[in-house]
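We just call them A, B and C in the order they show up, numbering each chain from 1.
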Amino acid sequence: MFQAKIKADILKKMIDIVSPLVNEVKINVTPAGMSLRAVDPAHVAMVDLSIGASAFEEYKADETEIGIDLDKLASVMKLASSGDTVEMELDDVSNRLIIRIGNLTRKIGLIDTTGMTEPKVPNLNLPAKITVKASELLQGVKASESISDHIALTATEDAFELFAEGDTDTVNLKLPKDLLIELNAPEKCRSLFSVEYLSSMIKPVKGDQPLTIYLGNDNPIKLEFDFADKNARAIYLLAPRIESE
Amino acid sequence: MFQAKIKADILKKMIDIVSPLVNEVKINVTPAGMSLRAVDPAHVAMVDLSIGASAFEEYKADETEIGIDLDKLASVMKLASSGDTVEMELDDVSNRLIIRIGNLTRKIGLIDTTGMTEPKVPNLNLPAKITVKASELLQGVKASESISDHIALTATEDAFELFAEGDTDTVNLKLPKDLLIELNAPEKCRSLFSVEYLSSMIKPVKGDQPLTIYLGNDNPIKLEFDFADKNARAIYLLAPRIESE
Amino acid sequence: MFQAKIKADILKKMIDIVSPLVNEVKINVTPAGMSLRAVDPAHVAMVDLSIGASAFEEYKADETEIGIDLDKLASVMKLASSGDTVEMELDDVSNRLIIRIGNLTRKIGLIDTTGMTEPKVPNLNLPAKITVKASELLQGVKASESISDHIALTATEDAFELFAEGDTDTVNLKLPKDLLIELNAPEKCRSLFSVEYLSSMIKPVKGDQPLTIYLGNDNPIKLEFDFADKNARAIYLLAPRIESE
């Protein structure tokens, strides 16, 4: 059983966060809320998202799984205006998700979740923690897109830095401690990442919203941010690129 | 003789209404106003449009015909800003329509109307009449676009309903009587239509503007709406799709 | 040595003005300001642009040359918001231009200016001078785009006129003296020009900004306008089309 009402904007945000990595997802539903964990086809990035029951205007659920095509869900959500409330209901008999927006009822056929395994979150050694306004970081990543396909992120005691290098050009974004919301780097940490993945992971965090980064040495990066008034949370993991490439 | 001044927005609206169905049209000009009737190349839909002399700021005309390429007229109207007044004058000698927008004079070569016959409006038995806000109907039609190429419209004593069905998905828009501006259905009426045509026929009616629908059983649908402060009127007819398809 | 601070909007305007004609330019830097002169690959049009030292918020420079790819500069300037100030610095050692926008540092590899010769401004006999709002002229040029690839400009004592002719259609824009900011035509002048080039030369002048035209008989046209509060100036020259074509 699953029956819920939620602001359209929260569902749209969920789609923005997950769809750059995967199209078909298995959503785990429990009385405590909805969550999903998925890895992109290239096995380079993982998304771990949870929307607590408190993010919903109404929420009733047993434990169940909903396999859904996010492109389909996105096309339905385009029919909802900002501020609209959306009703969702699982129809176990016909195996469809019923979505109601105003007077419109849309039934979406669900996908089979049998083959969809839950990816495991690896154990990571990420000594540095940086909290930054998403817009600051996005500017550096965008600047890098035209000159390289990878980007180095470095955290020291005093600053968080982004560096990209092309044949003749370079990009450097240096954010000293006083421009960061938080910086905690007991040792110097530096890892290299794909510009494209990093860009698609920062874009869902809008404007001045804070984004927390966990960084290690030649280790995956972990990006974390809240939405829906802190009732929902997204975590991205992104594998590092090897320096010698 | 034809000489007239009109708000650019009214001419633009005329183009928006007619051009989804046909590009080349014969406009009938009389002292009472301008009108045109045309059928799309697939003979599935008809548009019947009239702009009364009272919709014009100035209007002087004998009976005459103007054959015009709407793409060309549309490219001229792009030069006019919202609120601009446009002057039109027929030059019989050179067989051109002279259009003046501010200090700009644009002469458009007319097309030969000899072969362009006037389509006849068929006799139709359409017992149900429904008046609805265009935006409400458009949401249902847009929702259907991604799952099916046809759509069923049903009117009963109590409600007006839209239904579309794909392989696994459905769309249902139910508008009970109290959400409609008018509903008059002495018997249940139901017909099936092309989503694509229906969509292009609702789009010219903006936002909350009322749209009147005449519906029968496996019969064409008639859509009617006013513009230019009720001094102009558009009627669409759309042939039904056969249910067994 | 070259070190300067300037409003991002002024640099963006420079790119808008020059990039329709050429991508790679040699910028001449002197203590008095920056300037460049370039001819398009077809040798039909020339741009001559100068930004005085007074247009900059800070400006320190010896005589030097900077060879730059405008596409690259444009991609960097997209990172600056309207109102942002941009710092530029020439790094002679690495042969790069260092651009700072906020905390972001972007180094652009310069291009070799050895083979880039300075085009000479030809002596022209252009008796007529017309100053017009750019938007008025742009409307006439836009209207011509769909019907012809060339356009005739005529100045008389009383009016400035634009005329284009297609197979069946014509465009005429007539601006009498009282609608012009200035008109000084001691004799009738008329020349023919490419619509495409003319269009790309008027577009950088926004809205109601004045544009000064120097016109002769079957002679190039000279277009001149200021920007950056009259601290910068752009001149375009465009070769005429031969009438008999």
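In this section, contacts are C-beta pairs under 8 Å (C-beta built on N, C-alpha and C of every residue); 3 or more make two chains touch, one makes a residue touch a chain.
The shown structure was predicted, so the numbers you read here are calculated from the model rather than taken from an experiment.
Participant: If every chain is a node and each touching pair gets an edge, what shape is that graph: line, ring, star, complete or other?
Facilitator: Graph shape here is complete: every pair of chains touches.
Participant: Pick same or different for copies chain A and chain B, depending on whether their interface residues overlap by over half.
Facilitator: Shared-number fraction below one half, so different.
Participant: Measuring centre to centre with CA averages, how many angstrom lie between chain A and chain B?
Facilitator: 45
Participant: Quick check on chain C: which residues sit in contact with 2+ other chains?
Facilitator: Where chain C is concerned, no single residue meets two or more other chains.
Participant: Report the residues of chain C in contact with chain B in the complex, numbered from low to high.
Facilitator: 136, 139-140, 142-143, 146, 167-175, 179
Participant: Which residues of chain A touch chain B in the complex?
Facilitator: So the residues of chain A in touch with chain B come to 72, 75-76, 78-79, 96, 101-109.
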